[in-house]
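Okay, so here's the structure we're looking at.
Labels run A, B and C following the written order; every chain starts at residue 1.
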Amino acid sequence: MKRGASPFNTISVVLGLAFLYLPITILVIYSFNASRLVTIWGGWSLAWYRQLLHDDAMLQSAWISLRVAALSASAATVLGTLAAVALTRMGRFRGRLLLSGMVYAPLVMPEVITGLSLLLLFVVVNVDRGFWTIVIAHTTLTMCFVTVIVQSRLVGFDRSLEEAAMDLGCPPLKTFLTITLPLIAPAIAAGWMLAFVLSLDDLVIASFTTGPGATTLPIRIYSEVRLGVKPEINAVCTIMIAIVALGTVASSLIVKRGVMRRERAALGAQV
Amino acid sequence: MAVGGEAAESRATGEKPPLVRFEAVSKRFGRVTAVEALTLDIAQGEFFALLGPSGCGKTTLLRMLAGFEVPTEGRILLGGEDIVAVQPHRRPINMMFQNYALFPHLTVEGNIAFGLRQENATRADIAERVTEMLALVRLQGLGGRRIGQLSGGQRQRVALARSLVKRPRVLLLDEPLAALDKKLRAETQFELMELQRKLGTTFVIVTHDQEEAMIVADRIALMNHGRLMQVAKPAEIYERPNSRWVADFIGEVTLVEGLISADDAIDSALGQLRVAGIGVAKSGDKAWLALRPEKINMSSERPAGELNALAGTVFEIGYRGDMSIYKVRLADRTLMKVARANVSARGKASFGAGDLVWLSWPPDAGVVLTG
Amino acid sequence: MSAQAGKRDWGARVIILAPYLWLAAFFLAPFVIVLKISLSQTALAQPPYLPVFDLTAGWSGLKDFVAQLSADSFRLLFSDALYLFSYLKSLQVAGISTAILLVVGYPIAYGMARVSRAWQPLLVIAVVLPFWTSFLIRIYAWINILQREGPLNDVLMRLHVIDTPAAWLSSDTAIYIGVVYSYLPFMVLPLYAVLEKIDETLLEAAADLGCPRWKSFWLVTLPLSLPGVAAGALLCFIPIVGEFVIPDLLGGSETLMIGQTLWTEFFSNRDWPVAAAIAVALLGLLLVPILFYERFQQQSLEGGR
């Protein structure tokens, strides 16, 4: 696309970003509002954050959510990467179309359908719902996102690097593990992060597949929100936003530094 | 950069005013200067070539003419009027892009007619001109094909047809034959020349292939580091280069360094060499004798009567099929390049590596260069 | 050599089978179960439906099983206008939202594609970042803004656009705002991906042939961006039809969207067969768009090489 944004282009982007960030900004600001009421500004205060620290139920839900997210993201990354490799490198095997369909369907499927179907599965198979059923459900949902990211990276991957390795005597599996995998690692890491965030954030599927003692943070927030706006919620949300923002910026910096180091190495090799 | 001998020839010959004139045009990208205070004329109906190594500024110059780059300084005149402020879509100039830039979502006919549709021509008129163009580039009947279904050579013709259908005053060609294989390239070069002759349109071609420039162009502008090195007809550039750089860039050459000792002689490490003239140089000036390989005779014995004769040993032979280039090591351990046509059908070389030979040439075979 | 080939075969089989089996177990099998339950009858039992599939009952058990299947739930869906309106409402909301998303998202994606390469990764992160913060949080943020005592009414009253605080929440308008807000990245990113890849020499060629800037957008950029438009539209439309959280938190109690209906049937009425029937019908409704989406994914991945 030609470089050279017109004023209209710049305004569109700025307005778009403003629209995206305004509600979040307002929410963050109100989390520091000393007054309970939204209409009155009571000055800056950390009262709600202090109250949050004493809210055991909320803290426990947060802990559950983090563990579910970490476990399901890891499982989803492994399975999703395998699926991506299967779809791009294994040629036309029997059932490829079905695998591809199953991988991409959760991307668009309404969550109520996937949630309901998983719950019914657990009922029929007579599995107690709780922590592990949520993990299984989240893994299934998020693995397709990992596949999409890793697959697009694999498709654009320079095969001549693998061919060079094999030409020098490296067997195919070893080539994949020592050459390909390190180079697509950023995509795999991005997939893990996306799976983590999606799991942390999921409400519908968690609601269907949860059981006693496995109340995730979104479920708890949702039940509180239905009762009306509460400043403690603002505080929880602000903390979560801060964590995600820091994580995203940090990971992009790491990736950028990794890319710069690689580019410098490549340039150095040319000299 | 001071170029020895003649000044860079940039004016078009003839009484008619030039169609295109670059007047002291400079182009800078940040701290990089792509084109430096360049003045150049291109005549109406000429097949003009911009030639030079990568990064010499030839493509930038072409794009300034098309309107995709704006000069940092200077004027560009088309038919006497400054077009620097004119947007590309308003210029009566069309370009054939290096990657063809054919619209993938349109058919062949759609691509060719695209420019005509912007002119609000009638449907009948468009159809007629598209058919005419398809015939001209020998793609009759392929109007309905999608771009993805065409071969590389066919795509190139569509790109050519599309850029000519609007009958522009100048057609710009940005390395148009780079993607073609050698045989197709040679055929297309002749087709381009025929086309240009038939249409009478001014063609400006950018190429890094010197052979191509020599074949197709009426005049060549040799560029290096954003400046003009020499602007002249192909034969003149080859036979009378104005500097060592030009002599070395075009074709093969042997440069012998020395000092001018007389009106017709240069003193070098190989002895005194007779030349036909020294131009504006004076006695005592440093000079180089540029000798083209095909102008040097090679014999097994010293030729009688030749004023310039040197003994040497054949060091290396480069066989090219039609001719061979011999590298001969001379007394001062320098190498001289000699070209001989392989007239013997049996492929037997007249001289082999290690043979003792005599190289000779008449005084007017070389060019004296002072820069 | 054959040992190596055998080993490779085994490795390849694991690579294919692992995700395959997982998805077959946790994606396909559940759908079969949903279908089966949609054909069951409601019962006051645990689980709340009949018949229950019992492998130990043998052949006669199987025959009993089939005999007890009924299409009652589906008949209910088609006879009660409540469900019909729910489906229609969902399609309407999804359709209009997708149209709004296109109109709003295209200029943003286009602007992103045109800025200098240095800024682009930053812009992509900026657009994606809100998506990474909790979905629930963002909807909640809108509740904050849209409530009676909220900043929106505050600003509007100060600008004298309205005199008394308006009820923005519990309305269709709030649903549209919430949906467009949440799904914007899903529209912008596929569009941006396609727009960014458009060869800039094509636009130069169009200009060279006499096209002014605005016209070359219509004749070259827009047609070439259609795959991105289709991908973004499908990526938004299909999930919006089944949306639950947004209409539940921001919408009113008049016509419910189908996601809400399903939730109510399942959790409040404990009517699993009807809920399953709703899911099956919804899936049937969305089958064609989903298949279109799958085809697009295949094409774009194969064509990208």
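Going forward, a residue touches a chain if its C-beta (ideal position, glycine included) is under 8 Å from a C-beta of that chain, and two chains touch if they have at least 3 such contacts.
These numbers were taken from a predicted model, which means no experiment stands behind them.
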Report which interface contains more C-beta contacts, comparing B-C against A-C. A-C
Specify the chain most distant from chain A by Cα centroid. B
With chain centres taken as the means of their Cα atoms, state the distance from chain A to chain B in Å. 57
Whole-Å gap separating chain B and chain C, where each centre is the average of the chain's CA atoms: 59
Length of the line joining the C-alpha centres of chain A and chain C, rounded to whole Å: 17
For chain B, write out the residues touching at least two other chains, lowest number first. none
Which residue numbers or ranges of chain C touch two or more of the other chains? 204
Could you pull out which chain C residues touch chain B in their complex? 199, 201-202, 204-212, 215, 219-220, 223-224
Within their complex, chain C touches chain A through residues 4, 7-8, 11-12, 14-16, 18-20, 22-24, 26-31, 33-34, 37, 47, 53, 104-105, 107-108, 110-117, 121, 123, 125-130, 132-138, 140-145, 147, 149-151, 154, 181, 184, 188, 195-198, 200, 203-204, 234-235, 238-239, 241-245, 249, 259, 262-263, 266, 272, 275-276, 279, 282-283, 286, 289-290, 293-294, 297-298, 301, 304-305
Chain B - residues contacting chain C, complex: 66-68, 87-90, 93-95, 97, 99, 101-105, 114-115, 118-119, 162-163, 166
Which residues of chain A touch chain C in their complex? 1-6, 8-13, 15-17, 19-21, 23-24, 26-27, 30, 37-39, 79-80, 82-83, 85-86, 90, 93, 95, 99-114, 116-118, 120-121, 123-124, 136-137, 139-140, 143, 147, 151-152, 155-156, 171-173, 197, 200-201, 203-204, 218, 221-222, 225-226, 229, 233-234, 237, 240-241, 244-245, 248-249, 252
